[in-house]
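All chains are identified by letter, namely A, B and C, in their written order; residue positions are counted from 1 within each chain.
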Amino acid sequence: MSDPDPLDFNDQVRLAEALVFASTTPVSDRALTLALPNGADIEAVIAELRARTTNRGVVLAQIAGGWQFRTAEDLAPRLKRVIKVPRRLPRAAMETLAIIAYHQPVTRAEVEEIRGAALSQATLDALLDANMITPQGRRETPGRPTMWGTTPAFLAHFGLADLRDLPRREDLLVEPPPVPLPEEPIPPA
Amino acid sequence: MSDPDPLDFNDQVRLAEALVFASTTPVSDRALTLALPNGADIEAVIAELRARTTNRGVVLAQIAGGWQFRTAEDLAPRLKRVIKVPRRLPRAAMETLAIIAYHQPVTRAEVEEIRGAALSQATLDALLDANMITPQGRRETPGRPTMWGTTPAFLAHFGLADLRDLPRREDLLVEPPPVPLPEEPIPPA
Amino acid sequence: MAEPQTLPPASQLPANDSPLAETLLLHLEGFEGPLDLLLDLARAQKVDLVRISITALVDQYLAVIDGARRIRLELAADWLVMAAWLTWLKSRLLLPKGTEAAEEGEAAAEVLAARLRDLQAMRAASLWLGARPQLGIELHPRGTPEEFAAIETSGISADLGGLMRAYMAALRRGTKHSAYRPARISMWGVKDALARLAVLVGSLPDWTDLEQFLPESLAGPMERRAAMASTLLAGLEMARAGTLRLRQDGPFAPILLRRHVFSEDQDV
């Protein structure tokens, strides 16, 4: 096989760059495939694009099953001074979000049981307003309660390519200094 | 140098790049001066940024007295072909659609009462155009007002198998406001 | 002083009202619920959550609740329910090993420890998420999506989450216009009972069971017991006023009542 025409390849990278740039949401490989000429090597195009933006003010990131340009992490403190940023989610909302992320699809009653506290309207509103959670059907149990799950915007917000990027539950329980956990909990004395 | 905020030239360019990228409006020279360290050579920073984006998929453009990144003009026709940006329903339309979904069959006057706001013909038309709602006969009261309900396209759009799959009202609201509502939305006949 | 997030060990808890007790109460209000407090107490043991001493934990929790009740009697029910359950748990854990009740206690302690680990894991997950650079806060996406892409509008963009937000917003706006109505309390009060008794008693010739005077439409056993208590109170009140007489033939026997007829005997 002959090497691809370097001019063509450059053109493909430019097109991919423009496509990802123009969009405010992550662009999937599928969308790139549709945009680029037949037979284009998406992986090579992305690798080149990534190389070109390395160490720049705006970098390419793999987010929520797609590609997105976002400002470089180290610039955050300097940008904070000039760009108005929204408030962070309060603690109760963050904990509820973590529970939904790990246990989805999960009902409100289950979230409340894990937290050992009622879920307030303010928390539910904050998570819905921030587009972090969405209804995911109903559970086929008496009362058919609504089940909740996280949105693609949740992944994008926290810079996750995938739900599998969340740390494993077992790893979360390790507190510094890490103590190896036995297989079975030891009954209390 | 006695600069209180030393940033090397490359970092100045990176910061300018991030700022222009993230800003929702064109960034003026004045805004750049405020964001960059005292004594930064704005012209040199802009010149470097412009050089870095020459012949790329995204270029630096001077628009309305400020700087903004735009996709390269020669790529526009090829992007148009691909990016499909669906229309966002205006807020009034989304609210009306949600009320019709939960309260169907429902008259226009009832929707207005629940929303606490008048329902414009444009909103109704937008929902009809999008094939989200459909007339469902008339109510046998004085004036015989048209009753509205959702379409099968509505269910398909929101990924619902059935109207009974809409999230329960009590899962959305801790204390539902006093609005008369059947226990479950009744599927259209 | 203890640092804001941790509570003093049980041995240091105040024996009476004191500035420390008030701090304690403020602490209590900072917790999301009993489980949240238990987790904090467990972490204060500074051992792996797998090895926490449940009995020590129970003692600490009960001491905190006790301290809080001294300053404010009307502590939320869930704190007290947890206290009652933990008291039960402790009584089981103190039994000699091998008995059925002791095993029951150990199983319950394991369930509690597992719930605490779950909550701990989720709290850690929330911290992990919170520590990540967040979009729109530390990192920024493209500020201006390009409009040329909007040429193709072959459909609408809306998801279920958006529909829910819209519905909640609409209902809120709609109800803003109506007057505030507090949630209706379905309990049968003494006033209700007085009114009902006054109407019914006149029509009854002989001793009648108090239960006969309860309203027909009671939601559940809780409401039934409340109505029972209110009706008894109303009965006592009317007996004092001389319109009624009450009788109970033995402990836990049905309480009977009838109209007081003045021409009759005057026995007590």
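The criterion applied here is as follows: a residue touches a chain if its C-beta (ideal position, glycine included) is under 8 Å from a C-beta of that chain, and two chains touch if they have at least 3 such contacts.
None of the values given here were measured: they were computed from a predicted structure.
Taken together, the touching pairs cover every possible pairing of the chains.
Of all chains present, the one whose mean CA position sits nearest the global mean of protein CA atoms is A.
Averaging C-alpha coordinates per chain places the centre of subunit B 40 Å away from that of subunit C. Separation between the centroids of subunit A and subunit C, computed from CA atoms only, is 36 Å. Centre-to-centre separation between subunit A and subunit B, using Cα means, comes to 19 Å. Shared interface positions of subunit C, defined as residues touching 2 or more other chains, are 140-142, 146, 148-149, 159-160, 162, 164-165, 168. Each of residues 21-23, 69, 71, 79, 83, 135 in subunit A touches at least two other chains.
Looking at the complex, you find that subunit A touches subunit B at residues 13-19, 21-23, 31, 34-35, 52, 55-58, 69, 71-72, 75, 78-79, 81-83, 107-108, 119-121, 124, 135, 137-138, 143-146. If you check the complex, the residues on subunit C that touch subunit A are 32-36, 38, 48-55, 78, 93, 106, 109-110, 113-115, 117-126, 128-130, 132-142, 145-146, 148-149, 159-162, 164-165, 168.
The part of subunit C that touches subunit B in the complex is made up of residues 140-144, 146, 148-160, 162-178, 181, 183.
Taken in their complex, subunit B has these residues touching subunit C: 18, 21-25, 68-71, 76, 79-80, 83-89, 91, 94-99, 101-102, 113-117, 130, 132, 157-160, 167, 172-173, 175-179.
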